[in-house]
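Look at the two complexes coming up: subunit A is in both, with subunit B in one and subunit C in the other.
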Partner chain A sequence: MERIRRLAYGWRLWKGYMRIGFLKMTQYPADTSIWLVSMLIREASGFIGILAIAGVTGGIGSWNVYEICILFSMCAVIEAIGQTFFDSVWELINMIRWGRLDVYLTRPAPVLLQVLGEYMFFQAILATVVYVGIFLWAAWQIGLSFGGYEVLLLLEYLVCGTIINSGIYLIFNCLNFWLIQGGDMAVLVQTCREFVKYPLNVFPAAIQGFFTYILPLGFVAYYPAMALLGKTDLPVAGLMPLAAGVVTLLAALIWRVGLRSYDSTGT
Partner chain B sequence: MQIEVSHLVKEYKRKKNPENMLAAVGQMFRPKYEILRAVNDINFGIEKGEAVGYVGPNGCGKSTTIKMLSGVLTPTSGKVLVGGLEPTKNRQKINKKTGIVFGNRSVLWWDVPIIESYKVLQKLYEIPEKRFQENLEEFADIIGIRQLLGVPERQLSLGQKMRCNIAAAFLHDPEIVYLDEPTIGLDSESKLRIREFIRQMNEERHTTFIVTSHDFQDIESLCKRIILINHGEVVVDDGIQKIQKNYQSKKQIRFEMDQNPWLETEKFTMDGVTILDKTPYSLVLECEIQKVDAMAVVDQVSRACQILDISIQGQDIESIIREIVTEKG
Partner chain C sequence: MEKLYCLIRVAFQTKFAYIKAFWFNIFGTAVSILIYYFLWKYVFMSREELHGFTAVQMTTYVVLSRTLSSQFSGGINKEFAEWVYKGNIVVELLRPVHLAFNLFGKRLGEFFFFLLFKGIPIGILGTLLLGGCGPAGVVEFLLFFVSVLVSIGILFWIEVAVGIVSFFTLNTYGLAFTKSALLSILSGGVVPLFLFPESVARVLDYLPFAGMVTVPVYTYLGKYSIQEAVSFIGLQVVWCVLLGVLVMAFYQKAIKKVVVQGG
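Coming up: the complex of A and B.
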């Protein structure tokens, strides 16, 4: 009973934070439109590059142009969802440095919930719409049919992919609890993430293994895309929650240890 | 006892400063630490409804103590009980009944109207809608924020921001409120309003206050009791009036007279009395009350000339505290 009450409390609070995020977006209409245009140009440049290569060679590995579009957009959707709701993990460094965590620690709500709720970035939802459009267009081009299995798989990918992606960001941003420049490590991870926008099987086995077992970012888009396109016999539907579970446990553990070692700056 | 602190100790580990470049490189791999004792065996108790000034020089351990009371920091040893509970183990439970004001930091959301921030706080502290509206209505006039509720925080002045933050700390009817430098950098009008509001909360709602401030007008107008700490230890813990009585060492007497017999001399004719200022028609003396009685001084002056006006002033609490700190430091 108490657990349900806490959950309901967390949800009400989360809605409150979403309201703030939404109001922020509407407070600065000029910023919002500039951000949207720059985001589209940035993502389009990467997209056009890979399409050009695939167009010349007819594909990458066993992946044709439309399949690559599907992988690319699936990867981008997860990142955009993360930007919308969980972008605050990147602010952890400043929260620790300027002692803003003190404020959260003096309030009667879980600290992580308050950290995550601090910044929501609803502009990124607009980006999601664009990526979903690309996904649907590519799926239509190769005549992908959507039955119950595909829809369930996509829902699972959205949930697990977001957990894995944002969970890994959280883990590495937690390094800020111990290091002065822990953020650099997290940025490095984000840069590595560029790999998983491409079909992993074109890379050496070591890289494939790394993104499957060590930093399971392959489960954000690559494996679910393969399952969706019928390119693998692996039980991806079962592996995704497993990877998400492991990441969640690790993130929760590191967060706890980090928060315990937090000695606020002495002002 | 609402707040109980016994044998409280907090130590920080700090990286040692390397002596030279070579040592600096060496320390990258094997850091050397030194232990810093910020709070050293502190004891005190605070009753419900008390207003206590927690004072001391910079870096004396004030903030560290407050952070241990609010559960932000875990004590190295010793015990803290707030409402009978340990803050670090019951943080969320205790936080629901406490409020905190950081003078150098806002807890509201910068980009959105104040009322929107308050609505998030309402959800955070689970304040019933009716109570929320009543409090808002009451605070709006006392602390003067009615016109500010619809304005985003980024457009407010420092004083307005602080008033909004102070009201925010009281929305959930806290039993204890920690005020960390609540009037730092504010103009006198804002200071007055804030003090008035806090005093009213203390009298009408019996909210317990712990105020840390370097502004002794804050302390004097809000608190009846002072806990002075220095180098992490309690130096004095007593009522303000008692401190003034016990530690008062000097009094100032100002005379206006028809002519000043001491105009040409440097020294006053009594031991323990020094001349602070003199003009042909006035004289300001400072007397050490252990050595000489103020009335005897007045007597002496009245024999030498005709006194037109006189005023006697005790030391203010700020200078008394300063003397205690320098003497015992």
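Coming up: the complex of A and C.
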């Protein structure tokens, strides 16, 4: 009973944070439109490149233009969800450095919930509308049929992909608890993430392995897209929760240990 | 001239003080070079050439174009926007040198830093490690440098224009991202312009953006004859002057609007 009450309380709080984020978006329409355009164009710059190559050469390996569209939009959707709800993990560096985490520690709600709620970036959710549109258009072009399996796979990808993506960002941003410039590692990881927007089989085996076993970002979009398009015999539907589970465990562990070693700024 | 030298030096030293941030910048550029290197390598596994490009030339194109276009993410528009945001613009306007001159000095300093610590090392290392080719000839090589130098003028005016927009909106991050992504696409920094539909590519060839990546790299690879290269560089100069006039006119209008936040 106590647990349920806590959960209900957390959910109420989360709704409150979402409301603030939503209001921020609607209060500054010009600002929101600039963000939206900038996000779409930034995503497009990578997209246009590979589309142009695939358009001239008739596809990259076994991936045709529409399949590349599907992979790209699936990857972008996850990133946008992460930006909307979990972007505050990038603020962790400042929260630790300026001792702002103290405030959260004195409140009764879970600290991670408060950290995540600090900034919600609803502008990114608007961008997902465009990505979903591209996805549906591409799926329609190659005549992808949506049965029960596909819908379940997509739901699984949304949940697991978000957990893996944002979980990895959380893990690396937690390094700030111990290192002065811990955020740097997270930035490096985010830079590396560029690779998984493209069909991984184009890259050498070492890079494929890296994004499968060491940093499982391949499961954010590449493997789910392959499963959806019937390009692989791998049991992706089973591997996704596995990867997500490992990332969750690691993130929870590092977060707890990190929070325990947090000793404020001393000011 | 002495003033310009001092401004360049200050900007250079500021960059040098933040050399660690620069390592991340280099890492990002290296990743983007590798991605496109592998993509093209995959494409060239099943064909000998594409639109007159061999695999070796494409590798060189990737290394040079990604390095050149990595400049788009920096630039003085950030500093300009910060001046407006914090109100320092008032002090900068009072200085005995013109604001544009001041900014240009800083931009040149940033460019020389880029050239010395990123452009030349990454250009040489990338070409050697990934197996690219050298310049088509001595004249082409010299023209390549001339073209890169002129392109800084074009880039500078675009950055000033983006900076001036910060008089009207405070969302300068969004603007900076938009600028760097748009410039990469339009200049040929992401993929060579010939991959775009022909009519689009033809227009883009003559816009100022092409002058920042396509013209220098094509010159380097010998895709342009000497005459063509010289006339394209001439076009760059024309664009540079034209943009300068337009942006300064915009500046004169905008500067009257300066609203510095109280506080």
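Throughout what follows, the second predicted complex is superposed on the first by the 267 of 267 C-alpha atoms of A that agree within 3 Å, B and C clash if a C-alpha of one lies under 4 Å from a C-alpha of the other, contacts with A are read in each partner's own complex, and residues count from 1 in each chain.
In this section, a residue touches a chain if its C-beta (ideal position, glycine included) is under 8 Å from a C-beta of that chain, and two chains touch if they have at least 3 such contacts.
Fair warning: this is a prediction, and the values are worked out from it, not measured in the lab.
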### Task
Determine, under the contact definition given at the top, whether A:136 touches first (subunit B), second (subunit C), both, or neither.
neither
### Task
Answer with first, second, both or neither: which of subunit B and subunit C does A:23 touch in the superposed model?
first
### Message
Going by the contact rule set out at the top, does A:45 touch subunit B (first), subunit C (second), both, or neither?
### Response
second
### Task
Please work out whether A:12 is in contact with subunit B alone, subunit C alone, both, or neither, and reply first, second, both or neither.
first
### Message
Contact-wise, after the overlay, does A:125 reach subunit B, subunit C, both or neither (first, second, both, neither)?
### Response
neither
### Message
On the A-aligned overlay, A:252 touches which partner chain: subunit B = first, subunit C = second, or both, or neither?
### Response
neither
### Query
Between subunit B and subunit C, which makes contact with more of the residues in subunit A?
C
### First, second, both or neither for A:204, with subunit B first and subunit C second
second
### Query
After superposition on the shared chain, which partner residues are touched by A:105: those of subunit B (first), subunit C (second), both, or neither?
first
#### Entry: Overlap of subunit C and subunit B interfaces on subunit A (superposed complexes)
none
### subunit A residues within the subunit C interface of the complex
30-31, 34-35, 37-39, 41-42, 44-46, 48-50, 52-53, 55-57, 60-61, 181, 184, 187-188, 191-192, 194-195, 198, 202-204, 207
## Note on the structure
Residue positions on subunit A within touch of subunit B in the complex are 9, 12-13, 15-17, 19-20, 23-24, 27-28, 98-100, 102-103, 105-110, 260, 263-264, 266-267
### Task
Show which residues of subunit B lie in contact with subunit A when the two form their complex.
12, 38, 59, 63-64, 67, 70-74, 91-93, 95-96, 98, 100, 102, 104-105, 107, 109, 111-113, 116-117, 119-120, 123-126, 152
### Query
So in the complex, which bits of subunit C are touching subunit A?
20, 24, 27-28, 31-32, 35-36, 38-40, 42-43, 47, 50-51, 169-171, 173-175, 177-178, 181-182, 184-185, 190-191, 195-196
